[in-house]
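Two complexes, one shared chain (subunit A), two partners (subunit B, subunit C).
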Partner chain A sequence: MKKTLRMTLLAVGAALMLPAMAAAEPGVSDTEIRIGDVNILTGPASFIGQAVSVGSKVAAAEINAAGGINGRKIVMKTEDDGYVPSRSFQALKKLLEVDDIFALNGTSGTANVLAMMPLITKANLPTVVTTAPNELVYNPVRPSVFTIGASYEASFYAQLKYIHEKLAPKGAVYGLIRQDDDFGVAVEKGYERAIKEFGLKDGIRLRYKKGQADFAAEAVQMKAAGVQVLANGAIIAQAATVLKETRKLGMDLQVADVWSEIMPPSAKLLAPAGYSYLIGDYIAAMADPAAVKWMEKFKPYMTEADIAAVNRYTFITYAGLKIMAKAMEACGKDLTRACTVENLRKIKNFDTQGLTAPVSFDNERQLGGTAIKVYQINLADQSFKALTDYQEY
Partner chain B sequence: MEYFLFLVSSGLVVGATYGLVGMGFAIIYKATGIVNFAQGELLMLTAYIAFSLASSLSLSLVPLMIVTIPIAMVIGIVLERVFIRPMLGEPLFSIVMVTIGLAVILRGVTIMIWGPDPHEFPTGLSTQVVLIGPVPFYQVQLYGLATLAAVTLAAWAFFRFTRLGIAMRAVAANEGAAMLMGIEVSRIHMIAWALAAAVAALAGILFASMFKLGPTIWFEGLRSFPAVILGGLDSVLGAALGGLVVGLIENLAQGYIGQGLREIAGFVVIVVILMLRPYGLFGAREIERV
Partner chain C sequence: MRTGHYKETYGELIALSDSGVAWAWVAALAAALVLLPLLVGNYTLSLAVSVLIAIVGAIGLNLLTGTTGLISIGQSGFLAIGAYTNALLATDYGWPVWASLPAAGVLSGAISLLVGIPSLRLKGLYLAITTLAFSFIVNYVILYAEPLTHGPNGVFLNDTTFLGLDLSSDRGLYYFVLGVAVLVTLAALNLLRSRIGRAWLAIRDHDIAARAMGIDLVRYKLLAFAVSSFFVGIAGGLMSLQIRFINIDVFGFLLSIEALAIIILGGFGSIAGTILGAVFLTLLPEAIRIVLSLFVDPQAPAYTKYIYEIRGIAYGIVIVVFLRFKPDGLIGLWRDVRKYFANWPLAY
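After this line comes the complex of A and B, so read on.
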């Protein structure tokens, strides 16, 4: 009797264990795979998070319409962090413990990714970082973290190289204005590299505190230094104010700008100063044929609000989820985080249809899509024309 | 010399916006004894309202100011009635905390309505540079300086010659005595909020026109705070002058001493002045008999 009871209990136990074992991988069921997305959906930088969400949504819709990943549909779980690192940590904790996600695509800003890193590492969470291509994210390398994008250093170097070779008068004086933080340091590295490699005249380097609104004194300093080429490391409204002040002083400048200035709201602010400024970006501009084709193809998947939210961050996050999908697909039915990470590491020359240069993660830093196109604004319609193809710098 | 003049002119221009914001702080403090930490957000909200008015009605700068001022005053009155009046008699600390909460609410609501994107503020003014001697100005910058001068003059006349202004000074000097003299203190508080909102609207319109309208514009409130401390928290005219002084110091420090000193220089001067005159340059000295 005792033996029969023991056998019965073992059988029931085994029966209960079976489905649990089958669903042992978090975020994966027979019918779906849950992918997380922590982003900036509120606050002044919410245009980034909204664009990111559209990118993930479109990629998931496209993948699901084509039958999903080996029969499993992708379900996106999005959390807002308001661009606050401590909230990013809480958001990912919730995604892991409540929503039970399998992987992460789209990851807010640099400080936010770093705040989430302990959770990502502990869970060996396959993560594609699409909006924070900062060295702090990929150096040191975390095994499950893969980053798409070039550095600000490369972006500014690429633009200054182009200006030096094609636009600036011989012996032109160069100047830099940059934010007083890590982002600004990266911008200055690109400037420094260009100054050294091409033997340029370094007229002045200015730093400003984040949040500064008035740049009149800085413009006066640049004028006094005789600056003819400006590496404008200010962003959005501040970048526009810098140019407005240099214009007021009658300065004739060639301008290199941050890639955020390729987005329509930014371009609208900067254009009135009348400088045909450059941008170095690793993502296709809205007027780029690749982006135009993408918009035509996916308009039916998007609402009016989605279409209005589309910008460069949409394209890169779309590409990120497509790469993640390829890695998951290669695992077959037995989808695990370890297998996905292993396959992400094998990604080579993934074709993003021109939204970025082909992406490869089979390198020491697990970093891809770093090639940059240099664009120039057309002041008449505020569109951007590519001056170069994607190139590594 | 040209370098110096450029720095002085740009310092005065930005100082004019500090001065206007500072005057808003001082008006409320003078009448109610409260530091309104939502002054920057009041500026933000009214600037966004003005932006919508300018975009939809195609108003140029001066008509836009004229239309926005009464709207701002109504907002000031509503905020005072809803958030501040119920707190009358409560500890000062609690009232100040309410203004901090109000600031967060106004900021959130504004971004919710107008979104996070920055905008070029449509003023209808020419963007051609106007030269005064060798010094270039945008038209809107000259309007900024003229507005500060006009508001300062109006404030001086208001507090010196009008019954309402004198009543406000009486409330500021001794609320209890003013009440005994038949002054309706709660009405004075309400008017102070209305006036502060009107000045905030002017500051917001000018600031957004000179620089950009964006969701961080509220920060101008905090940035202008040193101006009002310098001038004296209870001195409306002192705040205007304090704004100009802080703007000048910031720009001259940036231009002559070096980078990173823009923010520090203003505060260094404030610390020095407050050590010499604890109530600010023009603040009233409180004398307690013991």
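After this line comes the complex of A and C, so read on.
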């Protein structure tokens, strides 16, 4: 009798608590769902954060215009981290504690998302990482973190494979220049893989310090090593300087570059060196039919400033929020973080309308959209033509 | 009202304070700090932790630059040494925090002696550039000594406890960092009223005259470097406990400049000024955010696009305006306010 009474009390207690627990889910009210975005909105890399914000904004506007997620509107809460990891931590802390977000779509750079990782894990915060597909982010797997994108390793491997098979003369000498950080390590892994698999001649491997401005000495070393194919792991202005210096020395090169060099401001810097360089990217280029269609469709959702800010990061963040929305929608009215994470894990072949290859998270790394297209710049108008379709490498 | 000082013993002369009112205020402040976690949310607590860590680091820099007159812009290097030492000892070698944190300070202090040696011949900007170069060397070593430091991959800290306090929780970390900040503040205050502190001040004012008075410049300059870097290393260790992930990007050059800004804005050479400077500069971005949100619609498109740049500009403007009108820093402002009320109604 006593036991039955205790069980009944427990059951009643649990039943009373359930609605309260559901209502207490952070960032969810009857009318809205708050989604966080920590990004680089100040400093030299702010063009990335602005593009990311436009992607989230457009996706949220589209979802809200279609009635929201089971009647709840998406509200974006954005914080700037200036690309400084300690500020990313504080920004996410604010989003969690003050703005009371439900999930995160927008996570800045690799070191930044890693700085936020303890908070993400502790809160079991559903997180889609769209701008830092680095192995450090998805290995080891954190249960609530899902990553879209190929690694720099795969990007460089894909380009070098293409160059080896289609562009480079037989017996060509290969060379690498890369930054001395986690990103540079990933680039070198791709280079190493290509060298080993295709038995290529490894002429020289150079490392440089982040922020270096002069690459004259490196160019001379590459020339001395007889480099004919360059894996250029420098970024934006540095990548342009590397190519400027090799051109000064009259080097005729096939060049593989980082995917940031597909963006118009980067292409403008790199093109004058006169190399028809390649890019391996998991996101559609601006001239790709999928990207053109996207721009036409979503122009009404954007201001002039938004349109000017659009680049590859916009497309991938847009896709990220759409995937998150699908997972949230599948939870029905009783939206919880646990349920969203569970549904994100079930995402299979999500169609991003060609902005990326179809995205699946139902794998042990919770990593999708890893297929890469190889593009080549057209020096005349600085647009990019796809040389391959999306392929896994 | 008290109008003067009359001391009968040396003990009274070097007491931290001879004013009962001052001690009463300190007690009230201590009570408020202890009760803070019960009154505010986790975000405010996290900001408080950042302020306390800034206080520890800035007190360290102040002993070197404000008190001894040796300008250093390499503090980010010492912070990195402290953070990496604490994180690596705790994560890779399983040291408890009561051992790894002091070790962070000791290693940072020991390495600082390498930078201290050039300081025996260099002053002013020449020394500043030497310390800057040192911070670059630290970055290189961390990146290239991969088997030891994890190189560019960084280090994640495991959850850790201290005397039953869970340091991965906001409240536990707050009490721990508060305790460290109080100990560092007391240590610095006591050092300044000892022979060592007076020797440092003498070196700052005129090192040749100090040597003529029998102060061993080699010993006291190196001691200043070691003690300062010990505190800065502790601050780095605390940073690693707060963020729980560190890599070299966390310790950018800007950190060194912010540390200098704290001691200049607070008031050169003053511990109280350093504390005020750390509170002011750490909370200024948050204050600007709150003030701006009161006057502008946060959803306005123009506002949302430029808000982050506006905040950055406002941050700079506040510092420039403040130093233009209050070159003695916050401690100067505090002294003016105190004098005004002490002399009231005759204040002018």
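Observations
In this text, the second predicted complex is superposed on the first by the 371 of 393 C-alpha atoms of A that agree within 3 Å, B and C clash if a C-alpha of one lies under 4 Å from a C-alpha of the other, contacts with A are read in each partner's own complex, and residues count from 1 in each chain.
Note that in this section a residue touches a chain if its C-beta (ideal position, glycine included) is under 8 Å from a C-beta of that chain, and two chains touch if they have at least 3 such contacts.
Source: prediction; values computed, not measured.
Annotation: superposed three-chain arrangement on subunit A; subunit B versus subunit C shows no clash, the two fitting side by side. In the superposition on chain A, A:K94 makes contact with subunit C only, not with subunit B. In the superposition on chain A, contact of A:P85 is made with subunit C only, not with subunit B.
Judged by the touch definition given at the top, the superposed model places A:C339 against neither subunit B nor subunit C. Contacts of A:A111 after superposition on the shared chain: subunit C is touched, whereas subunit B is not. Superposing both complexes on chain A places the Cα centres of subunit B and subunit C at an angle of 50° as seen from the Cα centre of subunit A, in steps of 10. When the two complexes are overlaid on their common chain A, residue A:L167 makes contact with neither subunit B nor subunit C. Of the two partner chains placed by the overlay, subunit B and subunit C both lie in contact with A:D180.
Of the two partner chains, subunit B is the only one touched by A:F47; subunit C is not.
Between subunit B and subunit C, the smallest C-alpha to C-alpha distance in the superposed model amounts to 5 Å. Across the superposed pair, subunit B and subunit C both touch subunit A at residues 42, 46, 180, 209.
Those residues of subunit B whose C-beta lies close enough to touch subunit A in the complex are 3, 6-7, 10-11, 13-14, 111, 115-120, 127, 129, 136-138, 207, 211-212, 214-216, 219-220, 223, 250-251, 254-255, 259-260, 262-263. On the side of subunit A, the complex with subunit C involves touching residues 41-42, 46, 50, 78, 80, 82, 84-86, 89-90, 93-94, 96-98, 111, 114-115, 117-118, 122, 136, 180-185, 209, 303, 305.
On subunit C, the positions that touch subunit A within their shared complex are 41-43, 46-47, 50, 140, 143-144, 151-154, 156-157, 168, 239, 242-245, 247-250, 252, 254, 301, 304-305, 308-309, 311-312. Contact residues on subunit A toward subunit B in their complex (touch as defined above): 42-47, 180, 206-209, 211-214, 216-218, 220-221, 223-224, 236-237, 240-241, 244-245, 248-250, 265-266, 268-269, 272.
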